[in-house]
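Here the chain labels run A, B, C and D in written order, and each chain numbers its own residues starting at 1.
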Amino acid sequence: MNLSVKIGTIVMKNPVMTASGTFGYGPEMAEFIDLNALGAIVVKGISVRPKQGNPPPRIWETPCGMLNSIGLQNVGLKAFLRDKLPFLRKYNIPVIVNILGGSTEEYCNLAEALDGQVHGIEMNLSCPNVKSGGIMFSSDRALFTEVIREVRKRVKRSTLIVKLSPQAPVRDFSIIAEAEGADALSLINTIPALAIDIETRRPRLAKGIGGLSGPAIKPVAVRMVWEAYRSVTVPIIGMGGIMTGEDAIEFILAGATAVAVGTANFIWPDATMRVLKGIRDYMQSHGIEDINSIVGGILWEG
Amino acid sequence: MNLSVKIGTIVMKNPVMTASGTFGYGPEMAEFIDLNALGAIVVKGISVRPKQGNPPPRIWETPCGMLNSIGLQNVGLKAFLRDKLPFLRKYNIPVIVNILGGSTEEYCNLAEALDGQVHGIEMNLSCPNVKSGGIMFSSDRALFTEVIREVRKRVKRSTLIVKLSPQAPVRDFSIIAEAEGADALSLINTIPALAIDIETRRPRLAKGIGGLSGPAIKPVAVRMVWEAYRSVTVPIIGMGGIMTGEDAIEFILAGATAVAVGTANFIWPDATMRVLKGIRDYMQSHGIEDINSIVGGILWEG
Amino acid sequence: MTKCFKAEVISKEILSDRHFLLRLFIPADSLRPRAGQFYLIRTGTSYDPLLRRPFSVFNWDNNYMEFLIMKKGRGTEQLLQVSKGMFVDVIGPLGRGFPLPERGQQPVLVGGGIGIAPLYLLAREIDTQKIMLYGGKSRDELIAMEYIKMIGDTELRIFTEDGSEGIKGTVLDGLREVLTDVESPVVYICGPGQMIETLKGLEDLRTDEVYVSVEERMACGIGVCLGCAYPTREGMKRVCIEGPVFKLSEL
Amino acid sequence: MTKCFKAEVISKEILSDRHFLLRLFIPADSLRPRAGQFYLIRTGTSYDPLLRRPFSVFNWDNNYMEFLIMKKGRGTEQLLQVSKGMFVDVIGPLGRGFPLPERGQQPVLVGGGIGIAPLYLLAREIDTQKIMLYGGKSRDELIAMEYIKMIGDTELRIFTEDGSEGIKGTVLDGLREVLTDVESPVVYICGPGQMIETLKGLEDLRTDEVYVSVEERMACGIGVCLGCAYPTREGMKRVCIEGPVFKLSEL
């Protein structure tokens, strides 16, 4: 049975990876699972300088989902390379670093510093561009195009992954990302959402709007993966509410070559292993020799 | 205690209305609740000619939500006016008709025929424009602008409500709708989504993609209502996963003048009455004299 | 009038690892259900699962109502967790049931698997002699046999596809045979979707006197969502209002 | 090592309409928890509610672990529904507990309402004489009194804001008084968020020897989501890893 998949030049022993921001930098999870069993690890988004993140409360539970507004808290590039990466290098798994910036320049600096140091660089573009008054890179065509183009020039050895936001039209933005040289796409990021405490009349999160993740968004994510799959030829990493192997198979049938497990890690620290086992079981019971054979295997023309 | 609100020229005795497509044309629900107790009734979307709708399966349950692809099944304009409207006229509640078409012309025909016959006309623009190869009115700026402009010319006596899709940028489209003369906005419509049966590899719905509704989408809907509220001055009808009075208050604090109950009607046929009671209870326990006083009352600047 | 209320669980009888009988206390002012009618049931305060689930009435008396339930997915799994004294949300009776046989007609009841649920009640409602064909893939799909054997005035014929009980074959094979013998039959059928599909193909059954209970996914069960549409010769019909029992000739 | 497993419910003891004691069977190979550490608990297969809920260890022995739980919202409501023999998902022990008093220190335990949970265990762990201040708005917020009264070697002082039991006032009033009498105190505090806020304002308490258990909403409980961030003098700390017990002087 072949579970191995390829994302750009990254060869993964299986299609199960972690979703950025839901797995820390690895050590905490190593208490619960064998990291070597993962297809790849994607770490929490890294910025040039360390970030303190938002004040609490940062999370709120919603029906079948949760909102978060962590505020990009991270140790920063330098500390990541010095303190976090060595730990991950001890394992025999591809490391993908999620990067975030407030300007094209910051993305470029991160890309340059990480290129060749890690297997993959995932651009989290759901960040406001500081110069253009807070417009998101992920939803503005011009910003989106430019930042990918510039980063592409700097990424020569690592695989470049562009993460799509559910707020922009999937087709158009997938096509732009591919045209600008993304080696792979990942989607979806969380959906902006708001919950209000009707007693205090304040948002449930200190920062107001947060990102919705978890099972609630799964059907939206599957649709978007399917739309992206129909629009581009680069491989797709699907995510959004994956809790089980069955969920993962749904994404794979919709067109995902690999899947990332996010919020589920909070419910079961060994969620990635459960998903992996579920995929294996499905392949076994359905006589599927190679997972790649069912990527985009949905029987529907759209 | 004043619960009465105004949407355009429609005076509603309370802010609770029904969401189009979740309440039929009234008679079935009259078995369970007193229709006169509603703020307004919004009926299933009407097209010029009757529509058979999509083949089954048309619905699928998802985590805290459901997908539907009814396919705009409806009795058509003529039968509506002849068979359905007289029943509703017996009640002392504003009647709002949700209209849908495949062309600007069809929307205009519906608007002309209904203007003055009913209290409100709600434009459901999540329909593909036949001429432009299936692009949705609700997500194409030019189509969206044109259809509202043309319909506006034909609606002289009824209140004109434009229903927004969660797929288009809320701010921009709210502003366009207001500029083109909408008397009120309603949002959100269902979110396009896909569920796949991993046994058959076919979509769970015969038509493939369906619309996601229910509690799962509530935080997304609240965020969008808040965005719309900050962008326009016309009243907003908020909806998306409202199950309880507390949920309704959340929408009102976010900026909704009225709320529509959709999927909840399927869980409890008397969901609208539960929501209304919940609003009343909240007002009572919080000493709120006039519901209008808390519209947009969220304590947050954004 | 259709009712929406909370009903107390009187008992839950486990019949097999996948089947159970749920007995609810139904207030005396509730309408008497007809065989083939169904209730929508929901339990708990969670929104996952969200929708109510439809179940045919299996049996009822002045102060209770029984449902024969097969564990399938999360909704039925959740119902299996309820226990005596708990309350569940019910709406019903809903839909159109089976019409009773007219004088002189020979009732033939045909049930596959869990499809026996509404037919048990129908068999009890019909006070004349009837033929009942009951089948499943194998013997473990024949549920509630203790109950079925007790129905009076009934010629019961059992079928299993693997021959593990009764006659080897399907109830539809059995039905054909019965129909060659019986003069003016009225046939009542309830079974899995696949069985109904096969039925539609059987041209010799396309008489007016064959009634079939069909299933379709439901959201509201009360006619407002249009989710349960079923294609018939006269266009789309709502299983929850115009059905679940249709004449085979309409389908 | 932290463990993630399914634990069988041994018993559920109802203490009031809002409080109960959940006793779980915890396999013998599980690590011994320290007072102040917590477990994440989840029950059922529904995704609503989705997240695990954190609860301090109230008591434990070789083959069981007890949690004192206050019904608050949907998660705790759901836990109240579990019954003997059912299994719940648990992860733990998590976080850093209270450090035991050093020789010569006078332990003072200060609990408000449900905040008594980790202090009960702490009181039992401390085998020297200790002072325990326990308070609530009114007498019905004083829970598990039967248990607390049984702790040995303890001078128990009860406070209620409305004077319905014990001394009228708050535990913080009581604490101040105690501190004027006691020589080298070590103070352990657990109570509602509001009480912790008040504490931070009490400059005279800003010594090294005051330990506070704080609460923040958690998603993962194991340090990976950064959801439980709590601002401290040295920046954001994770309540689930660096806490829940902090020195008051750090906050």
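In this section, a residue touches a chain if its C-beta (ideal position, glycine included) is under 8 Å from a C-beta of that chain, and two chains touch if they have at least 3 such contacts.
Everything numeric here is computed off the predicted structure, so don't read it as measured data.
*Asks:* Please work out which of B-D and A-D is bridged by more C-beta pairs in contact, and write that pair.
*Replies:* A-D
*Asks:* Select the chain at the greatest separation from chain B, using centres from the mean of Cα atoms.
*Replies:* The most remote chain is D.
*Asks:* Taking each chain's centre as the mean of its CA atoms, how far is chain B from chain D in angstrom?
*Replies:* 47
*Asks:* Measuring centre to centre with CA averages, how many angstrom lie between chain B and chain C?
*Replies:* 36
*Asks:* So how far apart, in whole Å, are chain A and chain B when each is placed at the average of its C-alpha atoms?
*Replies:* 33
*Asks:* Among the residues of chain B, pick out those that touch two or more other chains and give their numbers.
*Replies:* 63-65, 214-215
*Asks:* Can you tell me which residues of chain C touch two or more of the remaining chains?
*Replies:* Chain C, residues with two or more chain partners: 47-49.
*Asks:* Taking the touch definition from the header, please name the shape of the chain graph: line, ring, star, complete or other.
*Replies:* Drawn as a graph, the chains make a fully connected set, so complete.
*Asks:* Show me the residue ranges of chain D that touch chain A in the complex, using the header's touch definition.
*Replies:* Spelled out, the residues of chain D in touch with chain A are 1-2, 4, 42, 47-52, 89, 91, 216-231, 235-236, 241.
*Asks:* Where on chain D does chain B make contact in their complex?
*Replies:* Against chain B, the touching part of chain D is residues 47-48.
*Asks:* Provide the residue numbers of chain B that touch chain D in the complex, in ascending order.
*Replies:* Residues of chain B touching chain D: 63-64, 215.
*Asks:* Inside the complex, what are the residues of chain A that reach chain B?
*Replies:* 62-65, 67, 139, 167, 169, 191-196, 198, 200-203, 208-209, 212, 214-220, 222-223, 226, 241, 246, 249-250, 253-254, 282, 294, 297-300, 302
*Asks:* For the complex, which residues does chain A have touching chain D?
*Replies:* Per the stated touch rule, the residues are 21-24, 28-29, 31-32, 44, 52-61, 63-66, 68, 70, 73, 214-215, 243, 263, 265-270.
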